[in-house]
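In structure tokens below, several structures.
In the two complexes below, chain A is the common chain; its partner is chain B in one and chain C in the other.
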Partner chain A sequence: MAGFAAILRKDLRLELRAGESVLTLVALALLILVVMVFALNPAGGARDAGTAAGALWVALIFAGTMGATRSLAAERENGCLRALLLSPVDRATLFCAKLTAAFIFMAIAEAAAVFVLVLFFNLDFDARLLRLGPSLALGALGFAALVTLLAAIAGRLRAGDLLLPLLAVPMFVPALIAGVKGGELALAGSPLGAAAQWLKLLAAFDVLFLSAGYLLFEYAIGDD
Partner chain B sequence: MNHKAATLTGLLTLALMLLALFMVFDWVPTEAEQGIVQRIFYFHVACAWVSFAAFGLVALCGIFYLWLGHEIFDELGYTAAEAGMVFCTLVLITGSIWAKPIWGTWWTWDSRLTTTLILWLLYGGYLMLRAMGGDSPQTARFAAVVGIVAAADVPVIIVSVRLWRTIHPAVLVTRQGGHGLEDPRMVATLLVSLAAFTALMVWLLMLRIALLRAGARLRGLAREVGLARAAVQDL
Partner chain C sequence: MTAPPIEARGLEQSFGFTPVLRDVNLRVEPGAGVLICGRNGAGKSTLLSLLAGLGTPTAGEALLFGSPSNRLAPALRRRLGLLSHQSFLYPNLTARENLTFFCALYRIHNPAPLVQSWIERVGLAAAAEERVRGFSRGMEQRLALARALLPTPDVLLMDEPFTALDPEGAALAAALVREALARGCAVLLTAHQVAQPGSLALAPYELVRGRLVRLDAALNLRDSAPSGSGGAEGSRRNSPTVV
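And now, the complex of A and B:
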């Protein structure tokens, strides 16, 4: 637990000093949303709930994969990762700490992206946005678990930055479907219960990738 | 893996494949509603079975490789992914050829089609990882992890895609595989096709593993020759 807290504190402090990851994530998400507005030409308002939810998730997964590549690349510079692996912290704890940091950055980026989404897609700042919360939080958790595991692998390979989205996006499909559907229901003003099956699906995805990462991270991060 | 076993499997594959071709094109009766095009079904389903079995094998080999560390599991996992990818591509192609006259479109976002496409993308990523990582124990370990995670993801993909489809009304009504195999000859033809494709798969795996090993030996020999040549030049 002490190891977990120490690594997480290190990551958060680095982020507070430099602000690289979150800024990159937010800037990318914003840029992709602008592109989506040009591409889809939304009419705006609740009629376009599906389009808005779709655009939001496209922005999040692409910004998220790029952010994840950065996060582990930073560890590799100056041999920081080697030091982490040598420290008396087991791999599963390292996974949890890295995943928590990724989740926090992702959540901040999501909040920023939702704010911009309301402006760009002519939505209202009302209770409907709060109903987006559960699906966005569960989606960010699953995504953080998935990319933390895969970035450890991709970071070791020559063209790893290209490989990461190739691996991560198809695996994220179930959560993407559930997130877009849940988001659409929320933005269209349906009660939270209507999205129950999508939230359950997201929760199942999270459980799967949290346990897979917990068990397999040791083989992915490696020490050879 | 000796050559005799591979040759025997090859001959068995040839015999079964010829028999399957005869049954599909000559022996089995033509389906009443769809006509002649329905005969692609026997190869389409056989390809699907073989590719899904291969992807299952990738995950199993991944588990055993991480657990026991024997190289054979790595080789088998790699070759199964390659062969599975070939057959999965064939499933998508034969499916499209079948869908055009029957459903009137090459592609529809039906739950089975979507799931197969996502599987294809998943294992495409796996093979990219293999290609980028090269031939090393590290790549073998990474590929094992990705193979396991991908297979664990498949049930969630199936459920999500099915839920997604029930909400989107389908443009075309999909027949749930109920192509009315009333005639026992249809069942027999399907079973022979399945056996033929399974034998083909086993044969391909044997050949590919032999090729992988030959490649590794060749690289070893080339290294030795290079060292020997350097030693001679030093004299």
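And now, the complex of A and C:
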């Protein structure tokens, strides 16, 4: 637990100091949302919940992928990842700390993206946005777990940065569909119970990705 | 019989079809020091990486405390200090924050006095609150020395520790190695040349075409600092051998 807290605290401190991951995530998410707004509804004034939820998730997936890549790339500078691997902290703890940091950064990007989504898609700041919370939180957790695991593999490969989205997005598609559907129902004003089946699916994928990451991270990260 | 802190048995490493290490056998007892020399590309860093567990040998075994080094239990990893050609320091953290972070990783309680003493010991008191990104290579090497020695390791692997250090820094590094030997730490150090700063009593070897060869004369340089006799004699008594 001490190792987990130390690594997480260090990641947050580095982020507060440099702001590289969060700023990149937020900027990329916003850019994608802007493009989507004009691409999907050039005339403006859209209130299509499905389109809005889809645009939000596309932005989050690409921003989240980039965030995870940067997180482990930063550890490779000066060989710091090797120092972590040589320390008495076990690999599963390292995975949990990196995943938690990635989740926090994604959550911040989500909050910014939702704010912009409301403006660009002419939505209202009302209770429907709160109903987006569960699907976004579950989706971000699962995606953070998946990309943290895959970034450990991709970081050891030549052109791994290019490979990561090619690996992560197809594997996340079922959860992505559930996230978009859950988000669509929330934005359409349906009660939370209506999205229960999608939230359960997201939770199931979270369990899958978290378990896989916890068990396989040691092999994925290897000896660097 | 307890296992030696550092041991290589028939260690071989190849990259593709290029052999880098061939049948390397080495045993370093507690309190003993070994110096491995060799040209650029001789395989010194590869040997150190394998012994540290950062890689899987093509054949043979790299053992620390009798366990395969790449599958060390966390409790045994705690007893290893590695000074690599990379500093393992976070550029955007200050010197103090870096050392405090490593104290937390190694579960050192109440780290502040220890961190302060190491910062002063390596001569970085004036730069303690500066980010490592702004450090010179020599300052970074000094801090890396503190990082490697902070958890008081029982095995110390050092890849060209005197690189980038000024004479004062090199003497400091030599003194730290002597102190480690004196308290029973097994030390393996690599360098381009046999001649090293300070008065270090290390058993010299050379990597020649991937094979480890014992050099004739024992290394005992006499150029500056007074001899750390306890460590030197201890290391001679427990002189490592190529099997």
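We take it that the second predicted complex is superposed on the first by the 217 of 224 C-alpha atoms of A that agree within 3 Å, B and C clash if a C-alpha of one lies under 4 Å from a C-alpha of the other, contacts with A are read in each partner's own complex, and residues count from 1 in each chain.
As a convention for this text, a contact is a pair of C-beta atoms (placed from the backbone, for glycine too) under 8 Å apart; a residue touches a chain by one contact, two chains touch by 3 or more.
Nothing here was measured: the structure is a model prediction, and the numbers come from that model.
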Which superposed partner A:Ala159 touches (first chain B, second chain C, both, neither): first
Which superposed partner A:Leu149 touches (first chain B, second chain C, both, neither): first
Contacts of A:Leu85 with chain B and chain C, given as first, second, both or neither: second
Contact breadth on chain A, by residue count: chain C or chain B: B
Chain B/chain C common contact set on chain A: 224
Contact set on chain A toward chain C in their complex: 2-3, 5-7, 9-10, 13-14, 17-18, 77-80, 82-90, 223-224
Touch list for chain A against partner chain B, complex: 149-150, 153, 156-160, 163, 166-167, 169-171, 173-175, 177-178, 181, 197-198, 201, 204-205, 208-209, 212, 216, 219-220, 222, 224
Residues on chain B engaged by chain A in the complex (per definition of touch): 66, 118, 121-122, 124-126, 128-129, 132-133, 137-138, 141-142, 144-146, 148-150, 152-153, 156-157, 159-161, 163-164, 167
Complex interface listing, chain C residues touching chain A: 52-56, 70, 74-75, 77-78, 80, 82, 84, 86-93, 97, 101-102, 104-107, 147
